[in-house]
Structure formats: structure tokens, C-alpha cells
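The same chain A turns up in both complexes below, where it pairs with chain B and then with chain C.
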Partner chain A sequence: MMDTTLLQVKREYERYIGRKLLFIIFTSTLIIMVAGISATLGSYSISVLEVYSTILKCLISHPENTKESIIWNLRMPRIILAIISGAGLASSGAMTQGILRNPLATPYTLGISSAAGFGAAIAIILSKGIFAGKYVIVGNAFLFSLIPTFVILALARFKGATPETMILAGIAMMYIFSAVTTILMYFARSEAVKSAYLWMVGDLGRASWEIIPTMFISLLICFTLLMWKTWDVNVMMIAGDEVAKSLGVNPERERIFVMLVSAFLTASIISFTGTIGFICLVAPHICRMIIGSDYRYLLPASTLFGGTLLLTCDTIARTILAPVILPVGVVTNCLGGPMFLYLLIKRKKEYW
Partner chain B sequence: MKIRIRGLEFSYSSIQALKDVTIDIYESEIVAVVGPNGSGKSTLLKCIDKILKPQKGVILINGKDVKDFSQIEIAKTVGYVPQSIKQFFPATVFEVVLMGRKPYLGWRCSRKDLEKVFEVLKLLNIKNIAMRDFNELSGGQQQKVLIARALAQEPEVLLLDEPTANLDIKHQLEVMEIIRKIVKEKGITAIVAIHDLNLASRYTDRIVMMYEGKIFAAGEPFSVLTPSNIRTVYGVEVKVINDNGIIHIIPLQYACNMYESEW
Partner chain C sequence: MRTVFLASILLITSIGLVSANDYISLFNDNRITKDELANVIADYMLGSSRLSLDEIRDASYVYIYWNGEPKSIVDSANRTITIYKPIKRIVALHSDAVEALVVLGAEDKVVGVSKYTKECKRQFPELSKLPSIGSIFNPDIEAIVSLNPDVVITYARWPDPSKLEEKLELIDVDTKVIRLDFYKGSTMKEEIEKLGYLLDKEENASKYIEWFKRYENLVKSRTPEKKVKVYTCGKKPSRAFGEGTGPYDLSVMAGGENVLKGKEGYFDVDPEQVIVWAPEVILMRSYAGGYETDDISGMKAEYEKVIYKSGFENVPAVKNGRVYVMSFDFAFAPSYPAALVTVAKWLYPDRYSDIDPKEVFQEYIDNFLHINFNVSEQGCFVYPRW
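Up next, the complex of A and B:
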């Protein structure tokens, strides 16, 4: 009797893990399907099969005609950029929620977005930047977005790297950078203000093959580093700092490590795309509702799901008011908000 | 001898929480630490588990200074059961208990780790709730899950911070009996910070009474839990009844010494 129940528990646990793996496989398939569909949509109509055969063909040779060129040189970079950005934002969002033990935390809570916005605004309005040429905005946004992280890091040395210190410092930074950005915009020409503002909404229009390798490599490295820390983050999230210590985890050190990696990953994305909202908050939560909070599965699931979600949003942004292309940030916010509310109402479990 | 503490001092910035604490705790022994709020019970437990680092004094576990233990070594030797805390994120009982295997884990958890979790789930008779959400459980069940997590660490020393707070009378007895059973069967040492003097006297081998960061009295329950000790430490008048070796403490009235002297 006793042993049969134990056997049942084992079976139940295996099924539980199985469900998580199934979700990860499902999302991986979904991402390929949505990418295929997305590539067919646009002013030049192409069938799904043509899309897949063109992609396979172009992997080994150059595009030969207009159709192939549209798929490979126009639509694919944008699709891949959407997947990489969504994946990166979702994975850093998921991990930030865990280390700060706060379901509302995202890398943006730590001031990254408003600092990046300020950096971009300097480049756009004052035409001044650390790098010259076409990467002036990207370079500025990237370097500025790392400032809050280093301020938090410095503060943590004196006040301890507790979630409270980090969140409050991040919010303070957010206000400071928003204020100086506003001052900058106040005295700027209206076209410059418009383009600085649109940068902050977030857009994938700057996609090109040129930037993909850098972003992909940074996603790959950061994802691997975050994956390596999933056990520690599990312990910190489930047990809290004191118990984490008694389980052999150094919560402050791990928190700072994960923050640095997430901040770097977020910065490397938003400096190209602008501050796309909601993905880093919504994607991890949707996955958490479906497969639970074990980061060993939640991190890969959120990453894949975030990619799918941003790609879907961008496809909508490209097509809903065609030929006008909306900035994807508008769509993520428009869809993300209601979707989040719906999930909050429908959720079965006591959540936070 | 399991734990030897000599001249332990600990201060939180300006407040001194532990003053010259010296005590020996043995194998297969269950020791209660009692005392009013703020007398240093939790601080003592946290120092033993290296969660807090004492400014002065030494703690030896099996003859080795706690300072010389790495965090992983401490995690494999000492299990800490905190007071039940609210989870912010959903986690199943199984996942909570699996965290106890963290000190032994590489990146993957092996079959042995899972077997160990199943074993403690069975030991504490909580296998039927293994897949439930921790937050949805009652206080008594949560406490058992937290004990299970500490046992999954395979510790030689178990530290429990008020394991019976917020529990009904049945679960209070159940939890204390589980602790006692584990200590005697596995030959480990348990130190329990506890407020309920009756439970303490009933289920523990020795009682350490703390007062303002110092050990006020230590020894067998009947020698420590005397009306005069309790009056000095808690400022409360009690009647102590010895019913065939079981001590009952009946609170009579609040008797703050300061007012008494003014009368």
C-alpha cells in the first residue's frame, strides 16, 4: 500500500516533468511555424512552402530572384531579429523576477530602459555619441543602459545586494534618466523629439543581416550563463536569502551575477530595437502559469515563448494597418496589457 | 560531542544579541532554546548555521570550527528550518523539498537525489501532497514540508526556528513527535527555538533558557523551568506541576518586577 503510493508519486513527478518538456518542444515548433507564416505576409504574396524552400536554399547559396531576395534580405532579418529580441528580453525578465523575488520586476525596473532612452536621445537630438557613423545611437544606448547596473552594483557594496535596495535604486535611476531626457527633448527640434520618442517605443525596422550575428552570439552566451545559474535562482526564489545561505548558495553574489548578465543581454537588444515593453514581463508569466516556476524549464520555455510572442506582435504590427508599419512596441503594449489582465482573472492558482 | 560553543558574541550594528554564549550539545540530543522575544534564540541558530558571522567566540561542529567550513560543507552538515514563509511564486511541495538537495547537486539532479526526496516525503508522510502548491497547504503541512527539505540535506545537525508557531494543538504535537523520532532514529542533533514551554519540556532532552543574549540557565526541563527562573526571565508568575515526570507550566499573572518594587 505504502509503496504503491510512492510509485504513484514518482509517476506523477515524471508526468509533471514530461509536461514541461512537451511545452518546450511545442514552443520550438510554434516558433518555426510562426516564422514561416510571418514571412509570407506583406505586400508581395508568397506561399508558406515557397518560404521554407527559399530559406533552405538561401542557407547555402545567394538569393537569385526578387522573390527570394524579399524573403531572404527583407523579411528574414526582421523575423530573426524579432525572435532574438523576444527571446533575450523574456529570458532576462524571467531571471530578474526570480532574483528579485518580485513578479513585477523586469530589467527595466532596474533603470536599464530609461538610461538607454537617454543615451539614444543624446545621439538623436544632439548628434553626439561615443561611436561615430551609423552605430551612434546603438553605441550610446548600449553604454548608457549599463550605467544604472553599475550604480546598483556600487550601492550593493555598501547597502547589501537585497532585492529592496536594487529595486528602489533602479526606480530612482528611472526617474533621473526620464527627467534629463525630458529636459533634452524640451529644447530640441520637433522632428528630433519625434524620432527620439519613437526610438523609445521600440521598433524592429532597423533589422539587417549585419547586426544578427552579434546579437545572436550575445543571446547564446548570456542564455548559457543564465541556464548555469538556474538552480541557484530556484533556491533563492523558493527559499529566500537566509535559507539559500543555509543551502550553500551565496544569494548576494548570485543576484549580482544574474543582474549583470540580464542587464548586458537586455542592453545589447534594446540598443538595436529601442525599449520594447511588456515581453520581459508577460512571456515569463505566461510560461510560469503553464509549466510552473522551476527555472531549469522555465528559462528555456520563456526564451522560446518570448521569441514567438515578439515575432507574432511584429507580424501584426507589419500587417494590421498595411502599408503603414506600426512600431512593434505599440503592439506589445496593446496586446500585452489586456492579455495580462485576462490571465490574471483566469488563473487557477494562488499566484502571488 | 557534536557542537561546542565558546564565548559567542554577536551584534546587529548597535544591538548586542548574543553575549558570551558557551554551551555543549551532544549527539542524538534534542535541545530546546527558550526565552522571551529578542533574547537571541534565532540569532544563536543562525550563527550555528553560518547564516550570521559572530564577531567573537568559536563554534565547533565535530571539532571543526564553523569558520573553516565552506558554505557547501555547512549545507551538508546543518539543516535549517525557518519559520514558515509566504512564497511569492508558485512551487510544488516536491520542488521545495528538492531544494534541500542543492548542496549535493551538479547542474543535473541524479536519480539518487530524486530517491532521497521520495524517501523524506515518505518519512514525513507527505507524499500524497507532493504535487500540490506549497502556498495552498495548511500551516502544519507547510512546516512538515520545510522539515522535509532540511532532512533532504542529510544533515547531522537540525536547527528549527519556532517550528510550532501558528500550528494547532494536533499539529504542534505531531511536528514535535516527528522531530523527536528523527533525532532518535537517525542519531542526529536537533536544536529547537521554541516559545511553548510545555512542549519544550515534554519533547526535548535539555532546555537552554536565554535572557538578554546570555544563557540564563541550562539543563533538564524540571531544573530549568522553575517558577523563579520564569519570573526573572519572562516577568510572569507561573505554577509548575510535576505530573509523573511531565512538567506543566500554568501561567498565573503578568508580574513585571518594576511595578512590584514600586508597590
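Up next, the complex of A and C:
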């Protein structure tokens, strides 16, 4: 008697887990499919067959003519950058929401994006001409974007801040950095101001093979580190700090660790792409609605789903009104927003 | 993903193996000599040439018309641009460049324009029909490459090189990017001269420059010692356009003394400050008018924002009815001298009673744009109307 119930429960659990795995497998397939479609779309007309044969060819040799270069040096880096950025933003968003136990928390609410914008604005305004200081902009954006995180971590370390205080501190930092950026813009040449604003609108147009390895490695390392902490985050999410402590998890230390990794990951992405909003907030929520909050599955699912979402949006952004290329942020908001609302309405029980 | 990543490393290490272009190697000693040209032609006739017939034609052209030497200029982004072949296909990313190309009589070389030029059906009846490459801030590189241009002309500052030059380099096409503004009065003449030189249109360029200088000198000679105080702003009266902006430069070149002297760029000022400055003339820059619309209500609305702004009734410019709105595609384009005379007459009406700025503008349209367009009846360029 006992055995059959146990078996039943076990079977049900396996089915439950199976559903999550199925979603992850589904998203992985989707990513490859969307990438396959995206590679064939563009203003330069190239047949589908040519696109795929070129990609296969270029895996071993390098492109020889204009057509091949367009596919290999223009479309492919953009596709991969979209996947990496979407994946990185979504995974850091998912983990930030988890450790701060707040559905609205993202790396951006911790001030990272406005600080990066400030760093880039300084570099753009102080640089002489547009051909100087391309890496200075990226480097400056990266360095500045880490400042808010360190301030928040210092607060947590020395003042024992709660997650709520950390979020509030992040929001304060966001306001401070946008205010300082505005002041800076007031005293800058009009042309530099426009360039700085354009930088801040997130966009994947700067993609090239040069930046892919760095970003890919940082995603790989950060994702592995975050994956390693999913059990602890599960405990902290469900049981709260007190119980987590009794279960042998040190919530303060885990929080600092996860925040650092997420901030680093986000910074390494947005210093190349500018602020791409929404993915880090919405991708984890959509996945949470579909497969629940078990971080062991939620993190990889969000990561894959974030990549798919951003790639889909970017493909639409560069083809729907071609040759006019829309900023990808516009499309993520237009597409992600309604999708999110639909899921919120359709969902019967509280999921958070 | 991993294979792609590995392949990308492979790719990066293999950069630099690109073979040297045979055509460019003709210039190894800096110029094409008669012997070199004779050799390549003989090779071609024997069927052993590595150059195409088109390249041999270009080489002959360069030998005959350019004395065998490549042409070089320094563009407005301070880069040396060298061309080795006559330019036959041009993509112009902004309408000011399109206008400059029309002025130079090189419209037949334009093969692609931006989405803004597509809207300019009256100003560029033919060129607005050309294929679009999208927006200047985010041009569609694939669309540009598919037009196979020799050069792309864009603003000194936009788009960012990461969206244009660096992308074209990745595709390894033989397309040069030339950055020229054609909207600033201070650099207009030299930019026209440089582009005219590259396109072998020196004659048209000097015709335009002469016309430009005529009005420039006229305004200079008529500017009095005691200058009129001017305030320049955008469509909001409190949005000041200081040093380095188009309206500021125009007001100074026209002989005004701008109250914003020493303040750079555009910024918001306290309206009270404008009252304290007490400008005698207020100049507004507007995006509302232009060649394409006959509806002046947009410019009128901007004008009224200034004259009815509370507190402004005591500003001399408002009190004496000397507030003027000018359309940007009239004042900040190769038609600049016409705007210069217009503003000069606004500042010193009694000194320019013999000159009708409208006629100067019509002269520009007839002689340089070659379109059937009557500025007395069509378009909205200034408010109050001429």
C-alpha cells in the first residue's frame, strides 16, 4: 500500500521534472530554429541554400566574397551576440529576482545601466572625435557599471542591509547616475550629447566576431557560477533567511556572491550593447509561469529563453521595416510586454 | 555554439591573409605611368591580364585626366581619403549631401539615399525615387552593399563608425566612406570644393563657391559697427542655441551680436534670463517647414509660442515684431547664402532695401537645384512669410 503511493508520488515528481526538461529542450530547439531563419533574412538577397552552405563552409575556412562576408561577418556575429546578450541578461535577472526575493528586481534596478550610461557618456564627451576611444567607451561603461553594485554590497556587508534596502539603494543610485549624466550633458557639445544618447539606446548593431569570444567566455563562467548557487537560492527563496541559515546556507554571503556575478555578467554585456531593457525582467517571469520557481531548472530555462526572445526581437527589428532598422529595445517591449500581460491574465493562481 | 566560437578564433587569426588588389598595385610608385598602362592593355589583349576591362578603363581615365595620380582629400572627420578610380556610384546618407551632389551636377552618380531623402519628393524629384538604405543613425549595411557603391557620403559625426566603416571593413568591399556635413556655413565652401575635386566637378564647385562668396562678402561689407543683439533658439523659446550650433553661427555671420556668446551647444535657459538679455531680434530654427509642405501653421505655432510667452512682451524683439522663424532645410544646407542674406536683412532692414532674399533663394533653386519650384508660392521657409 505504502509502496504504491510512494511510487505514484515518485512518478508524479518525475513527470513534473520531465515537463521542465521538455521546456528546456523545446527552447534549445527554438533558439537554433530562430537562428536558422534569422540568418536567411536581410536586405542583401541571398538564397536560403546559399546561406547554409556558406555557414558550413565558413566554419572551416574564411569568407571569400561579398555574399559570404555578409553572412559570416555581418549576420552571424549579430545573431550570436543577440543570443549571448539575451541569455546573459535573462540569467542575471532571474538570479537577482531570486536572491532579493522581489519580482521587480533586475540588475537595472540596482543602478547598473544608468551607471554604465554615465561611464559611456563621460568617455564620449571627453574623447576627441568619433574615431578615438572606441575601447575607452566600452571600458569606461564597464567600470562605472560596477560602482553601484559595490556600494550596495558595502551597505550589505557593513550595515547588514536587507534585500529591500538593497533595492532601494539601487534605485537611489539609478537616480543619482541619471542626474549626473544629465548635468554632464548640459555642459557638453551638442553633437557629443546626441552620440551619448544614441549609445544608451541598446542595440546589437555593433556586433562583430572580435567581441564574441570575450562575451561568450564571461557568459559561460558566470552561468556556471550561478548554476552552482541555484540550490542555495531555492532555499532562500522558499524558506527565507532565518530558515536558510538553519539549513546551513549563509544568505548574506550567497547574496553578495550572486549579486557580484550577475552584475559582472550584465556589465560585460551592456558595455558592448548599451541598455537593452525588459529581457532581464520578463524572460525569467515568463519561464517561471511555465515551469515554476525551481532554480535548478528556471535558470537554464530563462537563459535559453532570454536568448531566443532577444534574437527573435532583433530579427524582427532589422527586417520588419527594412532598410530601416528599429532599435531592438522597441521590439522587445512591444513583443515582450503583451506576452507578459497575456500570461499574467491567463495564469489562475499566484505564481510568485 | 562552441564550434562557432572556435571558428571565430580561427577567423580572427586568419585576418591579414587578404591578397593585394592588382588594380591598386598599379599605384605602387604613386602613379600610373604610360608604360604600366601600355603593359596592362597589352596583357589584356593577349588574354593574360588579371585586371577586368572596367579596371583598365579606370586606369586609362586616371592616366589621362588625373595625370596618373590618385586623388586625396581630408574629410570633415579629419581623415585622409584617397581614391584610385573615378567615382561612379554614390550612396548619400543625408539629404544635405544629396543637395550638394545636385549642386555639383553629379546627381547621375547617386545610387542610394536615406529614408529622409525619400520624403523629399519636391526638392529631389528624381533622386527621391532611388532605393533607401534606411536611417542615417542605423544604416542597413546589407542594403548599402547591395547597391555596390564606390563611396558613401555621411555626416562627420553620424553614424558612429562602428555602424558604418567597421561594418564595411568586415565585408571587405571596396567602398570608401567620406564624411562631409554640408550643413554648416563655416565649412560649406571647402566641403563643396573637396567633393567637386573628387568627382571631377571643379567647374560647378567654383561656380557655387563664387556665388557663396558674393553674398558672404556683401553681408560682411554691409555689417555696421554697432551690431544688433540676437538670441537664437529652437522650437521652444527657452531652448537656447549657443556657440557651435547652426543658428548661432548664422546669426553671427549675418552680422548680429549673439547674447549667447561664450556659451556652447544647446541648453535650456531661464526665460527671465532672456528678458534680462533683451535681444532686439529672436531667431528660431524650425523643423516644421521646408520644400515639401505648403502648410505654414507649424511654423506659425512655434512663432506664437515666443510672442505670446508671458513676460516676453517686454523683450524688444517681441515688442517690435522682430521674431523670425526659419526652416532648417533652407538655413542649414547648401542654400546657406540665401539664409544668410535673409537673416542679415532681418537684422538690418534699411541696409538691405535693395535686396530681396526670396530672389536670392530662387536664384539658388534655379541655378543649382534645377527644379521647377517657385519659392513665392511653394514651400515654407520663413515665418512671417516673405
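Following the convention adopted for this analysis, the second predicted complex is superposed on the first by the 337 of 352 C-alpha atoms of A that agree within 3 Å, B and C clash if a C-alpha of one lies under 4 Å from a C-alpha of the other, contacts with A are read in each partner's own complex, and residues count from 1 in each chain.
What we mean here is this: contacts are C-beta pairs under 8 Å (C-beta built on N, C-alpha and C of every residue); 3 or more make two chains touch, one makes a residue touch a chain.
Since this is a predicted model, take the numbers as computed values, not measurements.
S.K.: With both complexes overlaid on chain A, does A:10 touch chain B (first), chain C (second), both or neither?
M.R.: Once the two structures are laid over each other on A, A:10 reaches chain B alone.
S.K.: Applying the touch criterion given at the start, work out whether A:234 contacts chain B, chain C, both or neither, answering first, second, both or neither.
M.R.: first
S.K.: Applying the touch criterion given at the start, work out whether A:290 contacts chain B, chain C, both or neither, answering first, second, both or neither.
M.R.: The answer is neither, since A:290 touches no partner chain.
S.K.: Just checking: does A:189 make contact with chain B only, chain C only, both, or neither of them? Give me first, second, both or neither.
M.R.: Touch partner of A:189: chain C, not chain B.
S.K.: Looking at chain A, which partner touches more of its residues: chain C or chain B?
M.R.: Counted on chain A, the partner with more touching residues turns out to be C.
S.K.: Contact-wise, after the overlay, does A:339 reach chain B, chain C, both or neither (first, second, both, neither)?
M.R.: neither
S.K.: Is A:155 touching anything from chain B or chain C once the two structures are fitted on A? First, second, both or neither.
M.R.: So A:155 meets neither chain B nor chain C here.
S.K.: Determine, under the contact definition given at the top, whether A:58 touches first (chain B), second (chain C), both, or neither.
M.R.: After superposing on A, A:58 lies in contact with chain C but is clear of chain B.
S.K.: Considering each complex separately, which residues of chain A are in contact with chain B in the first and with chain C in the second?
M.R.: none
S.K.: How about chain A: which of its residues touch chain B in the complex?
M.R.: Within the complex, chain A touches chain B at residues 2, 5-6, 9-10, 12-13, 16, 97-98, 101-103, 228, 231, 234-235, 237-240, 242-243, 245-250, 288, 292-294, 349-352.
S.K.: Could you pull out which chain A residues touch chain C in their complex?
M.R.: 42-45, 58-60, 62, 66, 69-70, 72-74, 76-77, 80, 83, 129-131, 134, 186, 188-191, 193-195, 198-199, 203, 205-206, 208-210, 212-213, 216, 318, 322-325, 327
S.K.: Hey, which residues of chain C end up touching chain A in the complex?
M.R.: Residues 1, 3-5, 7-12, 14, 17, 77-79, 115, 131-135, 137-143, 145-146, 156-158, 160-163, 166-167, 170-173, 244-245, 264-267 of chain C touch chain A in their complex.
S.K.: Where on chain B is chain A touching in the complex?
M.R.: Touch residues, chain B against chain A: 46, 49-51, 70-72, 74-76, 78-80, 82, 85, 87-92, 94-96, 99-100, 102-103, 105, 107, 114, 118, 121-122, 127-128, 130-131, 133, 135-136, 149, 153.
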